[in-house]
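A, B, C and D label the chains in the order they appear, each numbered from 1.
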Amino acid sequence: MTGAGEDQKETGRVEAFSDGVFAIAITLLILDVKVPKPDEAAAAGGLIAALSRQWPMYLAYLTSFATILVMWVNHHKMFGHIHRTTDPFLFLNGLLLLFVTFVPFPTALVAEHLRLPHARVAAAVYAATYVAIAIAFNLLWGYAAKGHRLLSAHAKAAEVSAITRQYRTGPALYLAALGLAFFSAEASFGLCLLLAIYWSLTGSLPRLFGDPASRM
Amino acid sequence: MTGAGEDQKETGRVEAFSDGVFAIAITLLILDVKVPKPDEAAAAGGLIAALSRQWPMYLAYLTSFATILVMWVNHHKMFGHIHRTTDPFLFLNGLLLLFVTFVPFPTALVAEHLRLPHARVAAAVYAATYVAIAIAFNLLWGYAAKGHRLLSAHAKAAEVSAITRQYRTGPALYLAALGLAFFSAEASFGLCLLLAIYWSLTGSLPRLFGDPASRM
Amino acid sequence: MTGAGEDQKETGRVEAFSDGVFAIAITLLILDVKVPKPDEAAAAGGLIAALSRQWPMYLAYLTSFATILVMWVNHHKMFGHIHRTTDPFLFLNGLLLLFVTFVPFPTALVAEHLRLPHARVAAAVYAATYVAIAIAFNLLWGYAAKGHRLLSAHAKAAEVSAITRQYRTGPALYLAALGLAFFSAEASFGLCLLLAIYWSLTGSLPRLFGDPASRM
Amino acid sequence: MTGAGEDQKETGRVEAFSDGVFAIAITLLILDVKVPKPDEAAAAGGLIAALSRQWPMYLAYLTSFATILVMWVNHHKMFGHIHRTTDPFLFLNGLLLLFVTFVPFPTALVAEHLRLPHARVAAAVYAATYVAIAIAFNLLWGYAAKGHRLLSAHAKAAEVSAITRQYRTGPALYLAALGLAFFSAEASFGLCLLLAIYWSLTGSLPRLFGDPASRM
């Protein structure tokens, strides 16, 4: 009984710390959406034109925001099944957070270079960051789920396997985006954007008008 | 019983994450209030003059701070009635947070351009952001309240309808501010400022000296 | 019983949001401690010299960090006595947070201008910010404590009066710092620094080697 | 019973505030990893070359991230044994947080100057910051553990002594890194990097494939 109480407290603080990191990383993204200076507005022929030219900034902001949000929802769900922590688990979670906090950098890189000669390099760094995050997610879940190591006694084997299968598609899809970057920056970045939107909506759309009883 | 416990935990983490995002977005606003450089102070004829010239920065800071605070209080109250979460709810909440984290950008835009030729564009972007937030609030609450989907068993129908009615005024008022921006940036931004102050005070003024028993 | 549970939840989220704002404001301060660029290091005759010249930045960082920390501890203690919230209380707390999030701006102002001709203006803005915070603290506590409005049933009248008396010294001392700024920036800023250190240590020094049973 | 409940609440809010500060400090590090501008990419002969030249930025980011994460894990574990707070404890914790929030500054200093003439000064400031943090950790734990002052009734003397011994190595190792900085910036910074990686892995590696029952 006391043990169960301690477990809950441990997990609670890891979740709170992770939530903090996710929340800050997602909010810092806006710092790279720059306000056109008065002379830039004049040079572009008006503020509307100057704002329009910045479309890669908005797209990069949207893509990274949606992706981090999907990741947070996944993290949230994963921890719904996990009731204990160990040192290796804390550090695998730290590895995941290392890559999540890194996201503002490739986001700014894509925002700056998407219409410039070196766009493909920027898109490759962007996709590679998500490859790393997707792999870290698999490592974290794989460690927690192996032999039911850290899972709640209530976690069902079928659910656990379903999550394991679902996580495996992440690295493959982002590796595809990374591969695409060698041919077309737009295609690579576009795939990242589509994945973020697809996962945002498939997590929610089917149920948006659906059965109120189907809770997560 | 176990189910009720899990519910509370779910809502708790969504609230914690949202609180983090609101708290960070509201605190990042100060990064766009710039310190006058020594040469700017000299050019303006002193630091007092240089600081005074920056009044749009302070007003934009105040307006956005008060607006985000009102939104946070609303979010806080809304979640007082909500006891469960679903995937669509998490993503509608994410949509709301997308627009909330965006606020520092139009704030900086207004701060920079309010006294310049393109002020009306800046004011329109500012008001449009709040239109988007107000609509997201209605979607989030509408989804949760529909058929009492995610509400606490204790939520009273009259209270729920009152909140629904109250939320509907938000998009209309900010659409008015958006419309005003085509005629006058000052009028549009001024309406946003007035709304923030009005909601801050009407939420509190009537009760500030009133009945201590009238709790929220 | 249900009411008591709801109370706790209300206070919990206000505290979490406030903690977030305090934590972010205190951590953002470091963004205004600038790294000397290579050419600045060369011009100053070395990196040590360039770093030494920046002493107002470190002092401003230390003063604002210690002051915000003292405020957070006070906020923390205050909420130890408060068990309920109302709309006016939430908005008075918001007013306090408005001034707390503003602190990085006068901090950067003092760091930039303390050795320059307009230092007294910078010091006055710095002290005035703390006057505002001290007044907001008194308003918040005064509202909560009036007639035991929002206090825990366990709060003792003697303790409550002691806190009320203690808070009253804040505005007076910072008004003195504000007055000093008209004569000497160093004296004004130095008083703010001394107050931060004094409160940090008197809260802790007497008990640092003292009775382990004297808990807060 | 009521007392125990209050204790838990006290510790909870200190932990939440500290978690917030750790989470923000660790996430702000990415703001100093700068995106190469288009002209820098052109001057370097391509974006890949421009990104490669920035290796000190990535190393500094990695080292500071891993170090702050190890510190957070230590803080987390320390608080697992602590059930009460006092004023001096809150302020010693504040001293620790003062140095933790300072980390982005020496990180940016090392990132900027590691390949430049004044690299040894930058490395010394970097190591000195960690000396300060390691000492603050010892003060905080020493205060809490002295005579079992703030510890849980369940904390075992052997565990407490083990933590005390473990913490003592921190200041010594970082003093060594500080000493090394007088001879070689690379050696000093390299030691900091190795320590961060070593502690990250030894906390986790031995158990990564080990006994699932050995929980933290």
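Here is the rule we go by: a residue touches a chain if its C-beta (ideal position, glycine included) is under 8 Å from a C-beta of that chain, and two chains touch if they have at least 3 such contacts.
All of these numbers come straight from a predicted model, not from anything done at the bench.
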Homomeric contact chain B-chain C: same or different residue positions, threshold half: different
Superposition rotation for chain A onto chain D, Cα-based, multiple of 5°: 90
Separation of mean Cα positions, chain B and chain A [Å, integer]: 25
Separation of chain A from chain C, taking each centre as the mean of its C-alpha atoms, in whole Å: 35
Residue numbers of chain C (touch at least two other chains): 16, 20, 24, 28, 31
In the complex, chain C residues that touch chain B: 2, 6, 9-10, 13-14, 16-17, 20-21, 24-25, 28, 31, 84-92, 94, 97-98, 101-102, 104-105, 108-109, 112-113, 116, 118, 121-122, 125, 143, 146-147, 149-150
Chain A - residues contacting chain B, complex: 15-16, 19-20, 22-24, 26-31, 33, 35, 37-38, 41, 46-48, 51, 61-62, 65-66, 69, 72-73, 76, 79-80, 154, 200-201, 203-205, 207-208, 212, 214-216
